[in-house]
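Chain lettering (A, B and C) follows the sequence in which the chains are written, and residue indices restart at 1 in each chain.
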Amino acid sequence: MSRDDAMFWLKPFIARPIALMGLGILLGTLLAAIFAPWLAPYDPFAIDPSIRLTPPNALHWFGTDQFGRDTLSRAIQSARMALLIGSGVVAFALGTGVPIGVLSALFPRLGHVLMRMVDVLMAFPSLLLALGLIVILGPSVVNAILAIGLGYMTTTTRIVYGLTLRLRTETYVEASRSMGAGTAWLVGKHILPNLVSPLLVQASFVFAFAQLGAASLDFLGLGAPPEIPSWGNMLAESHTFITRAPWLLFFPGMMIVATAFSLNLVGDALRDRLDPRFRQLFGEKG
Amino acid sequence: MLSVQDLTVSLGPATAPVDVVAGVSFELAKGEILGLVGESGCGKSMTSLAVMGLLPQPGPRIRAGRVLLEGCDVTQLQPWQRVEAGHGRMAMIFQEPMTSLNPVRRIGDQIAEAVRVHDRVSGPPAMARARELLELVRMPDPAMQLSAYPHQLSGGQRQRIMIAIALACRPQVLIADEPTTALDVTIQVQVLGLLRELCNRLDMAMLFITHDMGVIAQLADRVSVMYAGRIVETAGVEALFGRPRHHYTRGLMDCMPSRNSGARRLPTIAGQPPAPGTVRAGCVFASRCAAVREPCRTAAPPRAEVSRGHEVLCTFPLDDGGPR
Amino acid sequence: MNGNAVLDIRDLKVSFKVRRSGRKYQVRAVDGVSLSLAEGEVLGIVGESGCGKTTVGRSIVGLVRPDSGTIGFKGRDMTGAGLRDMRLNIRMVFQDPYASLNPRRAIGDSVAEAGDINGFFTSRAERSAAIAAALTAVGLDPSFAARYPYELSGGQRQRAGIARTILPSPSIVIADEPVSALDVSVQAQVLNLMMDLREQLGLSMLFISHDLGVIGQISNRVAVMYMGRIVEQAATRTVLDDPRHPYTRSLVAAIPKPDPSKRILGAIETGEPPSLFKRPSGCAYAPRCPLASQRCLVEVPELRSVGDRALACHNV
């Protein structure tokens, strides 16, 4: 990426400090996930009963849990699970929702059948759907991704379907058809490029809500296995200590909220970046 | 009746305002139709919205100038004060009749509501007046149409409804912003005829905005030609078409296809209008004017009365309008 | 019809199924249109909005499937066919310059689209040279290739839309109200451009418009449409100077003439526009026609030739 390219993507963040903050939090999470073993001040798995439930102090900034494990180290280690679940769910939801939505809109007969099925799935609350699926498939990280992803696949499909129906009748799509364009051309050159920015926003929301969904599953013991640290697991293990050791809930809870929130901020900024009409906002010609 | 003096509408920060309407002045007498003609983006709609006190907020604002309705400056009044002070007697109709009507309410109710606001009556008297208004705009079958929904009417009929709603406040001044642009010629001629007849009958003044020189010639008593936020020529309709004195007016007339049938090429005005606020000195038309001379680029052209009631904003106006 | 016709349409019928207030209707948008376009000719199609002009154009470029009728291109029948070489040979300019260019594609990519779809270019260099040539031909600087639609004015967009239809150069251009959305001064520039291109590239053109002034300027022959049918067809000057069909007469009379000494307001009666949902059984124009007779209410007038023109009317 050249300097100009970098500036291109940075501009919406510079124009809006709150988006820059979101970007910072996200980058922080990403770095934490990659460099967890080096960043964590202590071994996140090391048990030391002598320092059980110590409040935050100079040695243990986030305090320790009921086994004397360092909360900060565990929170850093958990970023890995958060990113894994988030990207898995986004990949699944978009990977299935986009093709189903686009094809349904382009081929009305197929679409009629597929969209009815999506409607049925949408009738269930997404957490209930996820729970039901986990009960059938058994708890595991992959199954958690599938279970949460299914709920967002339906909303993604709906959004893509609606947008494609509209794009399909745009004059420039008609122009392209009149010149002999086939379905692959229309999808690749006209429909997908115009879906990118709404999908980017959708992806950031899905990523954010996947964090909450994963946390809920973890909390119920149906997500990541308890021995792997995740913010949801941390909440689940320590919720009985809420009055004695509130920091055990406060810090992982904050991490969940902060990543979800910052993802939404970044998603908004990227959408504006990709919309030519917003270029004036960033002081470019046009 | 209505006197607009030096109206200036600006966008952008107060420290660096961009004038989209720059010092527009015109007078409108009782029963008179003034045509305001110009290309897209030249500031016609901004002028009419400013006169009506309907500028969108936030955004454009009146930076200078006065709008006197029977001697009272209405720019100093809030919209509700205008009605209280009896100066609510200006009404406006817009280009797209469908977007100005509520699609899920019956025509009769929508007209009656306008009657209720202005006459402070409701129920059967309001509905009776609504029916009267429909008769006034020569709607076929008015009693039946009261219970119709907008989508059941044709474009021309919808525009008649908009006119009926505008007439509900018994306006002294009607501002019509391209009310026939979306209509077919066969329907346009009916709506224009109706507007003209109403002005005569109700002694109502009308500011009629359009980009169509043909419509102007058919309808207006006097014409103001607008370019890049300024009125560059004002004259009686016969004088303007018979002997245009501004180079832009002349150019506009020359490039109309119906004046050239048979010619292999149409005369054109080269280039495009300048973006608002980009011309800092001299004449705004200089970049496209075929008769441009050195002084045009530096000194703002004077507003000169070349003959009685015929004003031109040009340093070197056309002498005779040229051969046609 | 003509032996040397590049485009020959016979008895084209197109209908749409629409729902209104819960009921299903079959709307006959085009109801038996026959047209032929000679080599190098500009044929104007004029009529009120909704009379089926656009639908005729869309049928020719294969965007709607006709119910019946044939569309012949240089003697070959191509009804409903998606044949590649015909798609390159017949191209369409659209009315709305703001909607007809993909906001996310650079102008150059839009201009080269027909070539790209049909594998016309053999190298990148050839492609960029062709784009530059097409842009130059429509009076745009080649640097416009890298710009995006939002950076262009309406007139420039329409020029780009025209550049798209001449790369590679077609035989026929269907222009659907190409100047209706433009201002008069820009309209004249674009009309001049289309006349120049027609001459340079030897195009035949179907020019759809509701503006008789524009039609009079550019076309050799005019077909007047009313409710899906052609009611009068002849050389442009014949139609404009001496309209015969009652509908054409009212259309010509209603043009707002830019001459304040010839005022028509209040002097002519044009009647209410028709509804496609309630098609009269005889002549569709009968409810508005000053000449309507008993026969008009029951019998549909066929298009027949009268002297140097074709007319569909019982009483003229």
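As a working rule, a residue touches a chain if its C-beta (ideal position, glycine included) is under 8 Å from a C-beta of that chain, and two chains touch if they have at least 3 such contacts.
In UniProt terms the chains read A = ABC transporter permease; C = ABC transporter ATP-binding protein.
Note that the coordinates shown come from a computational prediction; the quantities given were computed from them, not determined experimentally.
J.: Graph of touching chains, which shape: line, ring, star, complete, other?
T.: Graph shape here is a line: each chain touches the next, no loop.
J.: State the pair with the higher C-beta contact count; candidates are A-C and B-C.
T.: B-C
J.: Report the inter-chain centroid distance for chain A (ABC transporter permease) and chain B in whole angstrom, where each centroid is the mean of the CA atoms.
T.: 52
J.: Using the average of all C-alpha atoms in each chain as its centre, how far is it in Å between chain A (ABC transporter permease) and chain C?
T.: Computed from C-alpha means, the inter-chain centre distance equals 50 Å.
J.: State, to the nearest whole Å, the distance from the C-alpha centre of chain B to the C-alpha centre of chain C.
T.: 31
J.: Of all residues in chain B, which touch chain C in the complex?
T.: Answer in residue numbers: 39-40, 140, 154-157, 184-190, 192-193, 196-197, 211-219, 237-238, 241, 251-253, 255-261, 263-269, 272.
J.: In the complex of these two chains, what residues of chain A (ABC transporter permease) are touching chain C?
T.: Interface residues on the chain A (ABC transporter permease) side: 170-172, 174-182, 185, 189-190, 193-194, 196, 276-277, 279, 285-286.
J.: Mind listing the chain C positions that touch chain B in their complex?
T.: The touching residues are 48-49, 153-155, 183-189, 191-192, 195, 210-214, 216-217, 240, 250-251, 254-261, 263-266, 268, 270-273, 275.
J.: What residues of chain C sit close enough to touch chain A (ABC transporter permease) in their complex?
T.: Checking each residue of chain C against chain A (ABC transporter permease) gives 58, 61-63, 82, 84, 87-88, 91-92, 94, 96, 99-105, 109-110, 113-114, 117-118, 148, 150-151, 161, 164.
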